[in-house]
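Common to both upcoming complexes is chain A, partnered first by chain B, then by chain C.
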Partner chain A sequence: MTNFLIKRAVTSALSLFILVVLVFFLIRLTGDPASLFLPLDASEEAKEKFRDLNGLNDPILHQFFQYFSDLIRLDFGISLRRAEPAIDSVLRGFKWTLQLAAITMSLVASLAIIIGSIAAFRVGGFFDRIVTFFSLIGASAPDFWIAIVAIVVFSVGLGWLPTSGTGTVFHWVLPISVLFIRPFGLILQVVRGSMLNVLSAGYIKTARAKGVKDTAIVFVHGLRNAMLPVITVIGDQAAGILNGAVIVETIFGFPGVGKLMIDSILQRDFAVVLASIIITAVAIFVMNILIDIIYAILDPRIRY
Partner chain B sequence: MKYSNYFKSVLVAILISLPLSVKANDVTIVLSEELDIVDPCEASRSNIGRVIAQNVSETITELVPGKGLQPRLAESWEDQGNGTWRFNLRKGVLFSDGSAFDAEDVAHSLKRIKSDQLSCEIGIKYFGGIEISTNIIDAHTIDITANPAQPILPLLMSVVTAMRSTEPMDKYVNSPVGTGPYTFDQYLRGMQINLSANTNYWGGSSAVKSAKYIFRSDSSVRAAMVSTGEADIATNIALQDATNAGTDFSYPNSETLYLRVDNEVAPTNDVRIRRALNHAVDREAFIGTILANGTIPATGMTPPSTIGYNHDLRPFSFDPKKAKELIAQAKADGVPVEKEIRLIGRTNNFANVQETMEALQAMLQDVGFNVKLEMYEVAEWLDLYSKPYAADRGPIIVEAMHDNANGDPVFSMFFKYATGGAQSGRDDLKLDKMIADATAATGAKREAMWKNTMAYIHDEAVIDILLFHMVGFSRVNERLDFIPTIKTNSELQLSQISFK
Partner chain C sequence: MAKSPPTAKDNNTRRFVFNAWLLMLARDRFALFAAIFLLVLVGVALVGSFALEDVATKQNLRGRNAPPFDFNKDWIFWLGGDALGRPLLARIFLASRNTLMIAASAVSFSLIIGCFLGLIAGYTSKFFSHLILRVADVIMSFPSLLLAVIILYMLPPSVINIVVVLAITRIPIYLRTARAEVLEIRERMFIQAATVMGASNKRIIFRHILPIIIPTMVTIATLDFAFVMLAESSLSFLGIGIQPPEITWGLMVAQGRPYLTTAWWLSFWPGLAIILTTLSLNLLSNWLRVVLDPQQRWRMEIGDQKNG
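Coming up: the complex of A and B.
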């Protein structure tokens, strides 16, 4: 396992390095930060001063090596727009995104696994049909539409919940509910499909013949073997949220890393863009390692 | 733990987390974008100005809609000649930290907005190319000299925010200290800014005792927050969200929408073609449909409230027949009228920009122009809108919105029309002289010169396609007595808000 983790760390670090190099050079082809930061009427002299002040007039390779030598010392640079260390902006946003992702995916995983398993056990029944119908709607409904409708109904219409913000537990209900719907629908379908395969296996029939209780068949014998593809999809969905739940962050006013990243790209705030990418990539790398470990725990045949 | 105890604990936890009720003298203002920096030297940026300008940091003079230039930190001013103006500062003014405001602070503030170590928008936008020197006569009298001389220096001082002479020249401040009626208490980045009444304020107390600014980028959410009572004022509401006549105010927002036409490349270098372009646009068709009621067809680059705005000018009539005749005349003289013209729009520039651009394209095509619409994100759009222009650019028309809430055309005319202007589409020595002369003139002469310049631009040279003076919408909670004005686009003075 240790060797596997080391290999995984090295390959992930290499991928991250290539990603950062690509982003570093490509984003510099997309426009001049001086034109975006300074007023339209700024003279060319003022733009030159801005570029000098922020090192944008240095040769591109010099900027690149300077960036990486700073990065080794965990110096991610200064945000052009916010005049503060880029890493401060990113970690502040990432904290919110991580909380959103953790709470949402915990709810999604636990509910989708339980409901998907029951639906598979009674395949074709009323419960299965209802669950399949609503999970397909959930998996295909657009986030922004659900978010706006939720605000109109639950905040403006009924007055039950605040429209947006982060102040109290009530502020979290709508964003988490909106984020919940799509991965819940998707994962529930994966759980159901995977359980259907497992429940038709010979050892399950044997267990039934031996008179093992239904709950034990589903949640002890069946679920463990059905979980491998489910874990993969959960990881994929969680990575999506960690990369930034941009729509939910934008509509509900959550100051997460997704919105920060989009704003920084539009403003050509290079240091923040790169810091966001590095932090989210590291988080996703750590999550993938955890998923590999869970694979090994669930299926002892998997050896690294 | 017994179930009853468990439920009690949960109930208490929920009650603790309930939002605190709004206090009678507090206001919550929801803005469309977060403030990246809060330094008063950036207060000319609209999102920063709405929080900082005249609330936390005051300017030396103040431009008041309908009243013109008024005293603020300077009580009076007089022209000393040779580009020097003497400002007599208000006595007894304190910064919110208790330190006294004096001429030293004004001199430092002027020096700081021009600092090489910062990129202060006020310095770059309003004092670019102008050397400023100061001479402190006494603690409350200062001579300010501009080189070249600026007849409107007192007006320029209406954008200069006063800062303490101890503020650094090489670093933006994160917690500004000003002389304004409110103190900057806290900035929870990404979440909120809190201001509270400044007990040291020279101008007395205001009805609003504290203010919270929050940020929501979605217009419908901002509007909903006022409807639910979570906020008191929501700025920049989109047309489709301004659905409540009782709470939604429209006001001229000082933005002018126009199409910048390249006057140096065929076929748009021919004045008949530019006239035809103008006659092809049915301006009235936009108003009340994809643009808000109250939008005004434009005949000048600046809002009608600007001095020197020529109210005698009339928008070009919608006359497709005349447009076709002009194109035919130009064609007969060898002008390549079939050449493809790129119509450049900026995505997300204003509500319904895509629909507006598509309608404009259709109108121009209807009279025979070969127009191709291209929409660009702001960075790419800037490359096409601002100089240096590509040598092989071909005929190009660029949609842009220009903001001038400063009361004088000087803040617009050079950049948009002079040969050296960063967004000018024309090289015209006659116009250069008209702009230079009007810039140097004062009083009634200045006003008349700007009127003539605007007439030349619109009627004689037909330099661009002036479209509309735009309106903005704000939703205001019914408990407030506050009506947004043209200044609301750049500042939102809490001291002007009262409660019903």
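Coming up: the complex of A and C.
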């Protein structure tokens, strides 16, 4: 196990390093911050001075080694736009996104597992058909469209919920509901499919013959074995939210890391882009390792 | 649709296989509707979008944001008009061409490249396999938004760019699946037999392994088509995908957003088109998964109405 963890950490660090190198060089192809940060009529000298001041005139390899040696000391550089350490802006945004992802995914996971298992228990029944149909629709719907339709209906039409921003509990309802729909549809289908496979296994028939209660068969005997593929998909979807709640964060004016990242990309705020990519990537790597550990706990046959 | 096995050279057998497929499609009503909807959609994209191109781009400022369901007007205005008075129905038809073409090209590119790399990673040396997998890891953790912005600023705006972005981000999916399948298949007896008989690696990979993994890959591709469509719509919605005057459904939703409170139909109809298409693809992919799985195919072959 320890060996496995070390190996995973090393390969993750390697991938992270390549990612940082790629992003560092590619993002400098998107344009020159000087022409974006200075007024349109700024003189060429002023632009030159701006570049000198921010080290953008140094040879690119020099810039990279500078950045990298700072990074090793956990110094992520200064945000051009906000004039504060880039890591501060990113962590502030990441806190929001992490909360959003955690609340959404725990709701999604618990509801999808319960409803999916019940649907699988009576395959082809009325409940199963309804659930399958709606989960398919949920998995097919574009989130930006649901978001704006939800705003029109619940905020503008009925006036129940605020359109955007943060502050009260009510501000969380729409973003969470919109983020909820697609992962819920996908995970529910995986739960149902996996549960169907497990429920046809021999040991379930034995349990039934012994007279074990239905709920115990599904949620105690079946669920543990049906969980393995489900955990994988939950992990993928959680990574998706950590990485890309951009749409929902943009539409609802939610100050998360996704919105921060796209804003910084458009503003050529290189330090913030790199810092947010590194922080999200580390979070996703950590989550993937946790998922592998959960695998081993759920299924003792899995040895690393 | 007719996927006849390679031995079925003779016409009768082919027709039989084709009929069997139609029959299995008819058994699953949802999949049948999905298939019909998608066929109509492809027809619209191929024919309708060209026939209506003039109507869809002609501005009529007196009909700005014309409300839908006004049946006194031409049928083309039944879904309303957009902010420049262009008929929405014709716009949706026109946009279907780009939407479908982008998704189709991105999926085929990533399918072919991913499949090829997966076959190599699965069948050749450990070194190549590790190299390819690490590259896939990096692609998967690279934010697609950033890639889209980089390509948008580096190259002149065109439909090809967005296809490249989407294709690159989806390659790892096919690569991993193909590799996993190959790892299992290469241990089977008939591969050993082929090796013993002196078949070259190329022959084993393309003639013996590839045909077996194709059904899995096709099922994934159908599902992925829906995913890629949603991804393209999201990018276009954020303004870093398709650039006007080119048009896709996602961009139409974005363009309708400022008029949301006064003219909901501008965003609503294109979004509905996206949902219906992805839903059909998901239904069809579910059906394909059952039909292509020899252990589950009987569900469709006998007249059982329950699906899945």
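FYI, the second predicted complex is superposed on the first by the 303 of 304 C-alpha atoms of A that agree within 3 Å, B and C clash if a C-alpha of one lies under 4 Å from a C-alpha of the other, contacts with A are read in each partner's own complex, and residues count from 1 in each chain.
One rule holds in what follows: contacts are C-beta pairs under 8 Å (C-beta built on N, C-alpha and C of every residue); 3 or more make two chains touch, one makes a residue touch a chain.
Since the model is a prediction, treat every value here as computed from it, not as a measurement.
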So, A:T215: does it touch chain B (first), chain C (second), both, or neither?
neither
Applying the document's definition of touch, where does A:V152 land relative to chain B and chain C: first, second, both, or neither?
both
With both complexes overlaid on chain A, does A:G31 touch chain B (first), chain C (second), both or neither?
both
With the two complexes superposed on chain A, say which partner A:S200 touches: chain B (first), chain C (second), both, or neither.
neither
Return first, second, both or neither, reflecting whether A:T168 touches chain B, chain C, both chains, or no partner chain.
first
Could you tell me if A:T232 is touching chain B, chain C, both of them or neither one (first, second, both, neither)?
neither
Given the touch rule stated above, what does A:L22 touch, chain B (first), chain C (second), both, or neither?
second
Scan A:V123 for contacts with chain B and chain C and give back first, second, both or neither.
second
Quick one: is A:D41 in contact with chain B, with chain C, with both, or with neither? Answer first, second, both or neither.
first
On chain A, what residues does chain B touch that chain C touches as well?
30-31, 148, 151-152, 156, 250, 266
Would you pull the chain A residues touching chain C in the complex into a rising list?
11, 14-16, 18-19, 22-23, 26-27, 29-31, 123-124, 132, 136-137, 139-145, 148-149, 151-152, 156, 243-244, 246-247, 250, 261-262, 265-266, 273, 277, 280-281, 284
Chain C residues within the chain A interface of the complex
134, 137-138, 141-146, 149-150, 153-154, 226, 230, 233-234, 237-238, 250, 253-254, 257, 260-261, 264, 267-268, 271, 274-275, 278-279, 281-283, 286, 306, 308
Write out the stretch or stretches of chain A touching chain B in their complex.
30-32, 35-43, 46, 49-50, 53, 79, 81-84, 89, 92-93, 96, 148, 151-152, 155-156, 159, 162-170, 250-253, 255, 259-260, 266, 268
Note which residues of chain B are touching chain A in the complex, please.
14, 17-19, 34, 36-37, 44, 116-117, 119, 121, 124-125, 128-129, 171-172, 174, 189-191, 214-218, 220-221, 224-225, 227-228, 230, 377-380, 382-383, 385-386, 415, 422-423
